[in-house]
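Here it is, the structure, as structure tokens.
Naming follows writing order (A, B, C, D and E), and every chain is counted from residue 1.
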Amino acid sequence: MDIATLIGLVGGFGLIVTTVLMGGNAGGFVDPPSLVVVVGGTLAATFVMFPLKTVIGTAKVAMKTILFKSQDPQDMIRLITSLADTARKESLVALEKVNIDDAYLKKGVMLVVDGSSESLVRSVMEIELDFMKQRHRAGQGVFKGMGTMAPAFGMIGTLIGLVNMLQNLSDPSSIGPAMAVALLTTFYGAVLANVVFLPLATKLEQRSEEDALFMQIMIEGVASLQKGDHPTVVKEKLQAFLSPALREES
Amino acid sequence: MDIATLIGLVGGFGLIVTTVLMGGNAGGFVDPPSLVVVVGGTLAATFVMFPLKTVIGTAKVAMKTILFKSQDPQDMIRLITSLADTARKESLVALEKVNIDDAYLKKGVMLVVDGSSESLVRSVMEIELDFMKQRHRAGQGVFKGMGTMAPAFGMIGTLIGLVNMLQNLSDPSSIGPAMAVALLTTFYGAVLANVVFLPLATKLEQRSEEDALFMQIMIEGVASLQKGDHPTVVKEKLQAFLSPALREES
Amino acid sequence: MDIATLIGLVGGFGLIVTTVLMGGNAGGFVDPPSLVVVVGGTLAATFVMFPLKTVIGTAKVAMKTILFKSQDPQDMIRLITSLADTARKESLVALEKVNIDDAYLKKGVMLVVDGSSESLVRSVMEIELDFMKQRHRAGQGVFKGMGTMAPAFGMIGTLIGLVNMLQNLSDPSSIGPAMAVALLTTFYGAVLANVVFLPLATKLEQRSEEDALFMQIMIEGVASLQKGDHPTVVKEKLQAFLSPALREES
Amino acid sequence: MDIATLIGLVGGFGLIVTTVLMGGNAGGFVDPPSLVVVVGGTLAATFVMFPLKTVIGTAKVAMKTILFKSQDPQDMIRLITSLADTARKESLVALEKVNIDDAYLKKGVMLVVDGSSESLVRSVMEIELDFMKQRHRAGQGVFKGMGTMAPAFGMIGTLIGLVNMLQNLSDPSSIGPAMAVALLTTFYGAVLANVVFLPLATKLEQRSEEDALFMQIMIEGVASLQKGDHPTVVKEKLQAFLSPALREES
Amino acid sequence: MDIATLIGLVGGFGLIVTTVLMGGNAGGFVDPPSLVVVVGGTLAATFVMFPLKTVIGTAKVAMKTILFKSQDPQDMIRLITSLADTARKESLVALEKVNIDDAYLKKGVMLVVDGSSESLVRSVMEIELDFMKQRHRAGQGVFKGMGTMAPAFGMIGTLIGLVNMLQNLSDPSSIGPAMAVALLTTFYGAVLANVVFLPLATKLEQRSEEDALFMQIMIEGVASLQKGDHPTVVKEKLQAFLSPALREES
């Protein structure tokens, strides 16, 4: 589980609630109609922006940023090195019987076992990498879109409040509270965008890059298998994808 | 029909109208001259920005975001796999008699049947893909341009209102309503941009990517036909364009 | 002539002037020193930003957005198809005697007639396409630069007015008009940027893309001529550059 | 050590503190809860945005911008030229015994000594260059993210303060100080973003480009070694990477 | 000398000073501590952002935007055509004795005379072009960075002034002047960014593109020399880099 996402979300909201409570006037920060206009408006704009299917899929994607389990790239490199070892000691065909959990790696290895050409294996694997990136970009797009729309609807709500207040200045004592309520939508929009939507979009981008790194290691690894590289060479090559601190001496 | 677009537009306007009505002063939000300056100014800037033909074509494009009917990529993959089957069992020439609805796929298949070289088929199909993207970008450009200009003319209208008000401060009781009216153009500009123009531009972008995905599946499919790939290989290859959840086992 | 540009400019200014006149205080919107600081400051920044030659050339470029005459791409495709016909029926050398108005197409055809290699013809034509785009980008750059600088100098003028006003608050009745004048530079900057400079920059971009499309059609057409493609194939290939609605059946 | 970073940080904070002290009211600028909401909120958002590992690694990266020691590219070119000299006078295998400090260069040279193909050597070295850039971009990303979030939480804090103040206008004498406190979070956010986070992100980008330049010199140098270029040619080639002022005549 | 830069800088400052003087209160615009916080803060941030060497080198670069002397590309084309003539009438080796002022062209010609391969000549020249662009981008980066930081420190200064003023509202007559002084840092920041830093960054970009155009002409020219193209063909090819208006008939 990605604890950082959870800590960040809880911490961010906690800080803001604490600050509000310290002002001794927490009730003044709760205004359901204001919340409806910001959240509802953001959702409405999201429906116009994205296909229904993409919007619904976003809930799942959001869970992923919390449940995502980082893998150790060294495990993957060790696995591919052991495959290279098997291929060398026995034969490429022997790989067919090895149990490979990762569906992507398995697909690549099966193509090699079937005797597909090098360029076919690479192109099938790269098409899948490209489309994985494209699907992730769509998910980030929804969160980025919501992060742009929340402050926009916050401002629209504040403008409605200001126009109402300005047309009703006869009672001076009501000006302050009316303006406070008008500002609440801007406040809600800023909190939603900066505590939730925009940070989640960035986290998804990070996860997408991590996935892409794994897939690139697998593509190079499968190409090495196919060329019949010695396991030591395979390991050496794949270490180049990691930062020097994470590398293992072969 | 793309119901999400309709739901979003109706929901967004509905929310804003409801919020205005709840303020008990709905009449104060209707000011025809303010509406004219924002809508008219945005249209005028759009005419300067884009060729007449493009501006007029935008109405059609806008309808498309509502009427667009999503296709199932599996249907397309099934169709191409069946073509590969026909080509294998009978011959490439037999494809000439198959009834293909999609004009783009048909064109590609006909080029293959005519015995054109692989690179010619691919280049003709890719040129069409590139220009489809370019035309869609033009459509998005108009909506993005309007989404930038609406708030700009909202601000220009507000500046005119503020200057008028500031030169006429003798009657204090008129300051509030005058300023309320001045703010209306900013309000109109923000609503038009964030409920209509910018979300529609994003939806068009999404639709363009969906179309491009279909065309890329067709390009790879036609290339597979030409190479005489076995139907199972064709299906396998084309599944790589889909997210794992949408794939079908062969 | 590009009527849309003219309609847009006249319409945009007309709307703003009408709105000002309706406020019954048109004189309050005319302040020559404010106009001088915004227009002069924008020009000064433009001189720092761009080489003298580019700045002077911009006037010509601006006229082009109004005088530009859209061509029909079908005319160009018909012309190239007829050239392919001549080349087929007579010979490539016969093209030398054909009268070709467009200097770019003529140059390409002459290179083919002279027996230059395919890659030379393509590279000479593509270099010219690239540099056409680069020159157009320079023109757009000047307008975009002015569109950024006009609001900036509007704000600088407003800051000067505010500082003057704030140091002189003894007479309350002068505060309103002083602030109104201070806001005028912001108003002028916003109008210049959003009615003139930024929309013209976009129109130039559109025109540049239209020119590039024509040149790409000519490049592919000349390549087809050189390969000796059948006129029907030439036409078929070039139709791919157009939107389906603009295509002609061959 | 990179003194400029230190001078800039100390100088920036020094100037701001001095300006505050000159106002004779330094105590009014210290408000722990405001500081907590800005710093804490920025950290919370950072945890949501980036994987835990990346966040923790950032402290190390920040130190690097201060401790970074610029190398002279001429030293590197001289080293590679001397390797070319050894390879020429003795043999490529003789390079195995040369003591090379830089791990990246060493790896490249060892691959050459082992008789790897030219394309393998280049691809291994370029993969490492690409991933070095990607890791550095991640580091810059954290600082850029914090530079965006600090002003956002500054604004959120100010909104909380304003809403509190507006709901409590009964005592006019408290309005000023309350608003001053509300503005403090905006002030803290602006200082953190513009004195620390955003400038450090730019410095990291500069360092990354400097590292990349060194690695590109090494890639070209190793390729030259492998081709057996004469030391003078090696030197000549590598000088092209430097600005004319930094070049040495051979 | 680039007179436009000088005219723009003098004109921009002149206009602003004149506008200030017309307000009859020029003394109110001079506040040394405000100037120190904006200029000093911008410099401090610049030191954090860029390596010491780059910051110091910027003064030289700034002079270049004023002293830059535009060359006529036709002169360069004429020179290369005459070299092609010499190579044709005498021999490639005869080029060794021709006196070539431009160090970049000379280097390319010498590589050709030495009998280097076509791809080597092109790659050495293109590496130098790429790194020229990269160095120029660094110079522009410093000015762009200063253009972002000047308004940021202007805002920080204004926030300090506002907080001081708000905590001291007891004497109403001091509010106006205090706020005027607070606004001065924003004013200084806006002037520095929009009259000096941002326009100079754009001018550097323009100069860099002009230099790149010359270098691209030289690369193509040297390649033509090496292929032994006829002088007329050389001239024809190189004219493609220029706008039609600047071309010379051969």
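The rule we apply is simple: a contact is a pair of C-beta atoms (placed from the backbone, for glycine too) under 8 Å apart; a residue touches a chain by one contact, two chains touch by 3 or more.
A quick note: this is a predicted structure, and the numbers were derived from the prediction, not measured.
J.: Counting hops between chains that touch, how far apart are chain A and chain E?
T.: When the steps are counted carefully, the minimum from chain A to chain E is 2.
J.: Any chance you could name the chains that touch chain A and chain D both?
T.: Per touch definition, common to chain A and chain D: zero chains.
J.: So which chains count as neighbours of both chain C and chain D?
T.: Looking at chain D and chain C together, the chains touching each of them are E.
J.: If more than half of the interface residue numbers appear on both sides, call it same; otherwise different. Which is it for chain A and chain B?
T.: Mostly different residues form this interface, as fewer than half of the numbers used are common to both chains.
J.: Would you mind reporting the rotation angle for the C-alpha fit of chain B onto chain E, rounded to the nearest 5 degrees?
T.: Value: 145 degrees, nearest 5.
J.: Using mean CA coordinates as chain centres, what's the gap between chain A and chain C in Å?
T.: Measuring from centre to centre gives 39 Å for this pair.
J.: Could you grab the centroid distance between chain C and chain E? Build each centroid from C-alpha atoms only and quote it in angstrom.
T.: 24
J.: Could you tell me which residues belong to chain C and also touch two or more other chains?
T.: In chain C, no residue touches two or more other chains.
J.: Counting only chain pairs that touch, give me the topology of the graph as line, ring, star, complete or other.
T.: ring
J.: From chain B, heading first to chain C, what order do the chains fall in as you go round?
T.: Moving from chain B on to chain C and continuing, the chains are B, C, E, D, A.
J.: So in the complex, which bits of chain D are touching chain A?
T.: Touching chain A: residues 33, 36-37, 40-41, 43-55, 103, 124, 127-128, 131-132, 134-135, 138, 141, 145, 148-149, 152-153, 155-157, 159-164, 166-169 of chain D.
J.: Help me check something: in the complex, which residues belonging to chain C touch chain B?
T.: 2-5, 7-9, 11-12, 15-16, 19-20, 22-23, 25, 28-29, 70, 173, 175-177, 179-180, 183-184, 186-187, 190-191, 193-196, 198-200, 202-203, 206-207, 209-210, 220, 236-237, 240-244
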